[in-house]
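Below is one structure, written out as structure tokens; comments come after it.
Order of writing sets the chain letters: A, B, C and D. Residues in each chain are counted from 1.
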Amino acid sequence: MIVPLDEAVRELVHDGDTVALEGFTHLIPVAAGHEIIRQGLRDLTLVRMTPDIVYDQLIGAGCASKLVFSWGGNPGVGSLHRFRDAVTSSWPVPLEIEEHSHAGMANRYVAGASGLPFAILRGYSGTDLVANNPNIRTVTCPFTGQELAAVPALNPDVTVVHAQRADRDGNVQLWGITGIQKEAVLAADRALVTVEEVVDTLDPVPGQVVLPARVVNRVSVVPGGAAPSYAHGYYERDNEAYRAWDAVGRDRESFGAWLKELTDTPAVSEPAGRGL
Amino acid sequence: MIVPLDEAVRELVHDGDTVALEGFTHLIPVAAGHEIIRQGLRDLTLVRMTPDIVYDQLIGAGCASKLVFSWGGNPGVGSLHRFRDAVTSSWPVPLEIEEHSHAGMANRYVAGASGLPFAILRGYSGTDLVANNPNIRTVTCPFTGQELAAVPALNPDVTVVHAQRADRDGNVQLWGITGIQKEAVLAADRALVTVEEVVDTLDPVPGQVVLPARVVNRVSVVPGGAAPSYAHGYYERDNEAYRAWDAVGRDRESFGAWLKELTDTPAVSEPAGRGL
Amino acid sequence: MTTANWTSDEIMTVTAARSLRDRMSCFVGIGLPSTAANVAHRTHAPGLWMVYESGTLGTVPDHLPLSIGDGILADTADTVVPVPEVFNYWLQAGRIDVGFLGAAQIDRYANINTTVIGDYANPRVRLPGAGGAPEIAASCREVIVIMRHSSRAFVEKVDFVTSVGHGSGPGDRERLGLRGAGPVRVITDLGVLEPDPVTRELVLTGVHPGVEADAVREATGWDLVVSGDLAVTPEPTEAELSVVRSLTGAA
Amino acid sequence: MTTANWTSDEIMTVTAARSLRDRMSCFVGIGLPSTAANVAHRTHAPGLWMVYESGTLGTVPDHLPLSIGDGILADTADTVVPVPEVFNYWLQAGRIDVGFLGAAQIDRYANINTTVIGDYANPRVRLPGAGGAPEIAASCREVIVIMRHSSRAFVEKVDFVTSVGHGSGPGDRERLGLRGAGPVRVITDLGVLEPDPVTRELVLTGVHPGVEADAVREATGWDLVVSGDLAVTPEPTEAELSVVRSLTGAA
């Protein structure tokens, strides 16, 4: 159950997979994303509500052929330049996109976690998202006749999340802003969780989400594995690193240098605080 | 916001209302149910997943003209005799029933809390519930063509729940088995919460559900207000009282004596432990 | 036949417990199923992952709960989730290996009635109703039923289908979109019934020690087929009995 | 015209803050909306109930978050709920009084674009996308937009409707089933635009001190109607400015 990160990625993530690395600003599985880049995975369909700089990096490294998302940006800073470059110039490879709203994506995961083929919501009506995404349809309420938006369930081949702790059996505990992680894990065929630490007993914490070991395939211990995002109770968000990414991501050359440095560094676990 | 129970019931519950007193074995708002009996409310549509002895009492007292539910019994003991008497002999008044499964009821509350007109689930298929309940229909998935069950949203006029604590602003905190209470409150037009105690600050507790004051209309302080069910961290379930109810509820005369004793006791709050 | 040092309820419970394999996830109904699951957990299946519909996942109560929501279930659970989650994220999503149900009536095709005896609109006996059972019967990978044998309970056709077993025979579950295998075993105080692989009709495949097949046929409201390969339940061990008794409080 | 002791961004923020009433629930976008909501909370609206889409309900951060999910938002919230809950139980259910949005482009009918500049399939500029905005614009009782004025941003017709304002005019929101009132005010660094009650077209109803209506018309990509009753924004008070500056770190 508990294995080094490179082994976990090798076992669970394959070329062509649909992969969700989830985390809503908090607990973003950055180290796992970097390992995916290092292993040179290709043709991934990347899924995430809020693709931020680690997705910019995955896209810039050529790992992805498709992105399914609802908001792609560098939070509080601006745009993702590798993402832009892929969409507008197909560099380094063409990137197909499927675009939703947050409410739509969240409900797609909920449907996926629930074993339902689709979800309904009040959403999308009147927007140009509808005409540009065949995965936004409508259903009619059989009681009131109202028309509602329908989106298909999202069931990634593999979901990757970062959490504060796991126990030795692989039960996982996270808290703070817990976002969509529970649903993303439950919706997936396979789940990889990187954690700050492994403990003997998961003492209950207010606001916790517990992912029972039976829905987790592999746990890897990666202290600092969410940096430059943060792990509530462990370290803070490195806002400066997010700002600094803007310059790195902005041109292909500086990104190339960043990428070379990453792939030249064989990593089983990453030191705390390393994010870029 | 914080008022005596009799006043809260008088303000929020009216003849003919659809009323949900929720609580899944734990934190059942028994004292509030007794106050509804005392005030002689009539023609209520009572809603609850698991109507148990307080619903038996409300039905026996003639408060209800309809029951919407998924499992009506005395948990671990047997049947509800007042409920049976109402259904099979219309005593003391006829009781219409609308019957669902737990999954259906839970999703009806979820839809109600979500502002959706209906919910979808994999359920009911092949059961005789379908033919006996016009509120069980089907929808077809617009992506896969699969047929799923559909149930209408449940939006009570008033939901009543019991919780461990509230603060002086009316923010409510409950923990332990939290059941369907959050959804039942969010689905309702009005909400009444009885609590064990009011505190200055709601210190976070693992597994807590917090109901922000803006979705709560009235809080009443009723220590022991969930007995003979229990309040996690305050008192245990009085299993003996559940067993004892069987004899009381079994015939109209012994029930009548119980009812007279209840209505003869003017109560603003009930002493801890009082349940029957 | 020697005098048994166990009761028919005890061998029913032990037999049901033996049907559960270690590390299975099990959706546990209150009463007989709960007793049996807890016996399994304390004997051969220490990794049994018990789920109660109140939302307690992976609970290991140190005594038998009276209700599906006793505090002891929450105190000892891996995690407690809200009721919609236990039904949507765990049961409906197909994560539960075995659903463990009781019944007031069961029929030849293992359809279950916990709603009414008699006519629905004008019932002779009003029962508690569906609870979680319809979706447990639909979505668990398999279902085990535990109930006492009598010809009033084992009927040709249930008065009301609360939860679908094998419908009216082969192919019905598939037609209805039910994804689990349905009831694979019915364990009673007399023996064990299992659906015929072809007809889906319940046949007697085992009897408890000292029980004759004819006695089971007599306690069954349809013309019960007896398997040519009728097993006799191994006697409860001392260890099993002592666990059952510690849980139920019997001497 | 005296020399103002405030910047155009500061008066924009203060004006936006003044639009929020005490005890309102407010769905707060990051950036300018977040600054304005926090100014309101620290001045005239101490009971403002701020919701961020990361699930933090009733949060009162002691400094401005950079993202919608900074730790400070969770630490100071009444409660933190999972993302599906904030969208389904709070936003979709119609519990939010005001949605506070930014935009890259806005048009004559207050439709909002945060998706692409140019053609969707072959965009000139790829923007971050929808996020929570389409449903914020649909379901909040009202919407306030805050953005800097320029003729590239204020266009006759947005390149992409990410979030519906007033569609193509009267009756469109009702036809689309959008339950909130939509944008009731657009606050910029030059002034305030509001939809005409009849035509639903944005008209200039206020200018900040020192700004001429013609300058606003020039910075607007359509033939902007100026209200006959044009207001001039009251100057920011010292108290307001000091709160803005303490939050943004400006001297």
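Criterion: contacts are C-beta pairs under 8 Å (C-beta built on N, C-alpha and C of every residue); 3 or more make two chains touch, one makes a residue touch a chain.
Since the structure is predicted, the reported quantities are computational estimates derived from the model, not experimental observations.
A.B. asks: Give me the chains shared as neighbours by chain B and chain D.
C.D. replies: Intersection of chain B and chain D contact lists gives A.
A.B. asks: Counting one step per pair of touching chains, how few steps separate chain A from chain B?
C.D. replies: Minimal hop count between chain A and chain B: 1.
A.B. asks: Could you see whether B-C or A-C has the larger number of C-beta contact pairs?
C.D. replies: Counting C-beta pairs in contact for B-C and A-C gives the edge to B-C.
A.B. asks: CA centre of chain C versus CA centre of chain D: separation in Å?
C.D. replies: 58
A.B. asks: If you average the CA atoms of chain A and of chain D, how far apart do the two points sit, in angstrom?
C.D. replies: The computed centroid separation for chain A versus chain D comes out at 28 Å.
A.B. asks: I'd like to verify one number: the distance from the centre of chain A to the centre of chain C, where each centre is the average of its C-alpha atoms, in whole angstrom.
C.D. replies: Distance between chain centres, rounded to whole Å: 41 Å.
A.B. asks: Among the residues of chain B, which ones contact at least 2 other chains?
C.D. replies: Expected reply: 115-116, 121-122, 146, 182-183, 207.
A.B. asks: Of all the residues in chain D, which ones touch at least 2 other chains?
C.D. replies: Expected reply: 88, 92, 139.
A.B. asks: Pull out all the chain pairs that touch, please.
C.D. replies: Once each pair is checked, the touching ones are A-B, A-C, A-D, B-C, B-D.
A.B. asks: Okay, in this complex, where on chain C does chain A touch?
C.D. replies: 25, 49, 57-58, 78-79, 88-89, 92-95, 139
A.B. asks: Okay, in this complex, where on chain C does chain B touch?
C.D. replies: Against chain B, chain C makes touches at 30-31, 53-56, 65-71, 73-74, 80, 82-84, 87-88, 91-92, 115, 120, 122-135, 138-139, 160-164, 167, 172-173, 176-179.
A.B. asks: If you look only at chain A, which of its residues touch chain B in the complex?
C.D. replies: 115-118, 120-122, 135, 137-144, 146, 148, 150, 152, 204-208
A.B. asks: In their complex, what parts of chain A are in touch with chain D?
C.D. replies: These residues of chain A touch chain D: 24-26, 49-50, 69-73, 75-77, 79-80, 83-84, 87-88, 99-103, 106-107, 109-110, 121-129, 132, 146-147, 176-180, 182-183, 207, 209, 230, 232, 236-237, 239, 242.
A.B. asks: With touch defined as at the start, can you tell me which chain A residues reach chain C in the complex?
C.D. replies: Answer in residue numbers: 113-116, 171, 182-183, 186, 210, 212, 214-215.
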